[in-house]
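Pasting in a structure now, in structure tokens, and then I'll have a few things to ask.
Read from first to last, the chains carry the letters A, B and C; within each, the first residue is number 1.
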Amino acid sequence: MNPSPDQAVVAAEALTKVYRRAAEDVRALDGVSLTVRRGEFVAIVGPSGAGKTTLLNLLGCMDAPSSGRLWLEGREVQQLNERGRTHLRRERLGFVFQHFGLVPTLTVAENVALPLVFARRTADGRVSRLLEKVGLSSRRNHRPHELSGGEMQRVAIARALVNEPALLLADEPTGNLDSVTGEAVIALLRQLNAEGLTVVVVTHNPALAGAAGRQLRLADGRLAG
Amino acid sequence: MRLPLLQGGLVVVGLLGGACWLAKRPSAGEVVFEPRSQILEPAPLCPWRQPEADLHRFFPGATRWQSEIRVLSGQLLELRRRLGRDPQPEELALQVHRVFRNSEELGAVLVRCVHGEYGAIEIVLAIDPQGTVVGLELQRQREPAAIAAALTSPDWLGAFRGLRATDFTAAAPSLPAVPAQARSSADAIADGVRSLLILHQTAQAGATDGAPIHQQR
Amino acid sequence: MNLVVFACRNLARRPWRTALAFVGLAAAIGTLAVLSALTAGYERELRKELDRSGVQLMLVPLGCPYDAAARVLKGRVLDASLPAEALAQVRRDPAVAAAAPLLLCAQVRTNEDRADLWVGIDESAPALKPWWRVQRGKAWFSSTNGVILGSEVATLEMRAPGDRLYCPGADATFTVDGVLDRSGTSDDSLFFVPLGRAQQLFGQPGRLTAIAIRLRDPALLAEAARRLQAIPGAQVVTTTEVMGVFQNLIGTVRALLSAVAIVAVTVGCLTVLNTLLAAVLERAAELALLRALGASRSQVVLALAVEALLLTSAAALAGLLGAAFGGAWIQDAVRQWIPLAPERLATPLSLPLIGQSILLGVGTGLVAVLYPAVCALRMAPAEATRTA
């Protein structure tokens, strides 16, 4: 596989991840190769234990593959040290988690601004614009426990966007939401994709998978079809 | 610790004494009882050294005591009239140890130093709520043995029992005779008792309850 | 928002736990500061007291010389005594400028719970007592039955010059010749009588409790001490040694107090460590989330360190404030355990002590954050997707 840096945001070649559980090796991913092009909306689907979240962790530089190669915007991730991978997560990737991952002691605005603190950047009105975009301007000084599930997930999406990432990775973003609020989150993700953001989601939700432009099906750590 | 307290106390009573000094003298025609001994010098602040033992002796059913200071500077003229002399500065801040059985007031204990012939004599005076003497004892004295024996004899100390401040106003109450060499200290004690009773009665008549400064079960 | 705000919010997350750690460490640092100030103040006051005494050597009876010298200086009673010939020998020594014989006797009156300290002195005593000033009456005894009173004794006994004073233990009546000015030394509570009269009254004819000596030149101390040591039945103690005696006397107590302080600081440190460790373990998922959001390892450690330093620095300041305002009370409480403690012991907190306490607080924070930081560093960002 020889991905073109201009076209592919993510390119993976024969990614394998083996976990050691007691005396047994568990092959969570087994030779997965894929390419995600700029502006694509890709849904990774499959049964529980298929390796979806493991794949997302590898794509998000949160974990290292046991073997295989991975490129993000043309840079080979394995050649980066810990600091380089942290920099990549901070500057080029945005994450949305199933359980939202908001810091309970911080306000909505502070949660959104958190990646800027790590990047040592000032907000310059960006936090306000993003909160407006996700429809939560009036909730900026609220704490997470004062929000509904859908609101919390929209805060998480705003936070994922605050550093203007090249790729948004979302792990079951509607998994903890009812269908109505789930729909709103799907709509927001579609809107962001329509504005040019590359989005990769891991989901069991057929509606969300249906909203994606492409679906990758994982089974037993391998891409099916 | 005791000296700074003592000095502080003396400064306070000094100020009160200044006020006393400025007070008008009584008219020449007023009849005042003249005791044989008169308090002529300020006394050091005298602690109540053995409250538990004294309470047991004078107020057997007592459950607690509470110390208060009664400020008498507003009753200077009355005090001058009744004492027949200028009050000493420390007398204008009378420390009263009120004695209680639960909430019932049994009486009070008053303590003071008087000028004995051979050293200071510390007297402990117990009175009932009406100001009648319940008992008297000397908590410290340094008189020679014969004098000490006379002054601490139950006969002599017991003679004060039942006396009130008014018993001292017109004439000296009758007290048992003491040997000649003990007379000066005996007179000092009698005048100390008389002064305490007058101070306490004046305080009762004119003052509201003082703020407690110490309480103990 | 910055890391300080982030740390403050985290500390406020578990207010009781934070408050307990804060109070524990503040109490530990406050205790340490007070005990350090106490020790420093003790030594300073002791040195002053010895300097004021104008005495460089003490000749005391054979026995424990240091205990004897310490007792004499503090106006306590000795059981043994010196022969009177010792005084003549001391005065003959070429290095001795002044020698004052002393006989101390305690008259205990158990039924009144008091002890009067009577001191027999001769004319040489005032020369060795720079503070000896007569407030009222005569500067010296007018007869063998004269007594000169310390200022506190005169106040308590209501005695003035010309008054009589009875000594129950010796069955003797004295006439008050003079009352001394308040000196702030143990002299304020002593009864001074002529030496010969004291020896006769207290049944110690020709005996002395001690001889206080001032030299012509302090440089002669070693040779004078060597010569005086040869006097039969007597031994020499220098004030430097007396200082050592005092310090030895309180050595055990100080060691105990230091141990208490060290235990207190250790417990305080462990409490902070426990608080931080619990916070890290409880927030494992959150720390992994921060890593997933782009926090570097150093930023995560820095966030924890800021949290620890805020807690421990504030605790150090609170401990110092407590020491400044409650120190006198603690010193009074501790003072009763220290043998022969000077009258004045309280001493203000010094700048170095304040600096040391703050450094201790900061150091505690840094030590306490080490292990939690290691735990935090081990957390992989991928934990965020598993447990967030």
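One rule holds in what follows: a residue touches a chain if its C-beta (ideal position, glycine included) is under 8 Å from a C-beta of that chain, and two chains touch if they have at least 3 such contacts.
As the structure is a prediction and not an experimental result, all values here were calculated from the model.
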*Between the chains shown, work out who touches whom and classify the graph as line, ring, star, complete or other.*
line
_Pair of chains with maximal C-beta contact number_ = A-C
*What is the distance, in whole Å, between the centres of chain A and chain C, each centre taken as the mean of its C-alpha atoms?*
66
*For chain B and chain C, let me know how many angstrom lie between their CA-based centres, rounded off.*
39
*Between chain A and chain B, what's the gap in Å when you average each chain's C-alpha atoms?*
90
*Which parts of chain A, given as residue numbers and ranges, touch two or more other chains?*
none
*Okay, in this complex, where on chain C does chain A touch?*
1-3, 5-6, 9-10, 12-13, 286, 289-297, 299, 380-382, 384-386, 388
*Residues of chain C touching chain B in the complex*: 112-114, 152, 155-160, 164-168, 171, 173, 182, 188, 332
*Where on chain A is chain C touching in the complex?*
53, 56-57, 60-63, 82-83, 86-87, 89-91, 95, 97-101, 103-106, 110, 113-115, 117-119, 159, 163, 171
*asked:* Under the definition above, what is the set of chain B residues touching chain C in their complex?
replied: 1, 3, 6, 41, 43-44, 49-50, 113-120, 139-140, 142-145
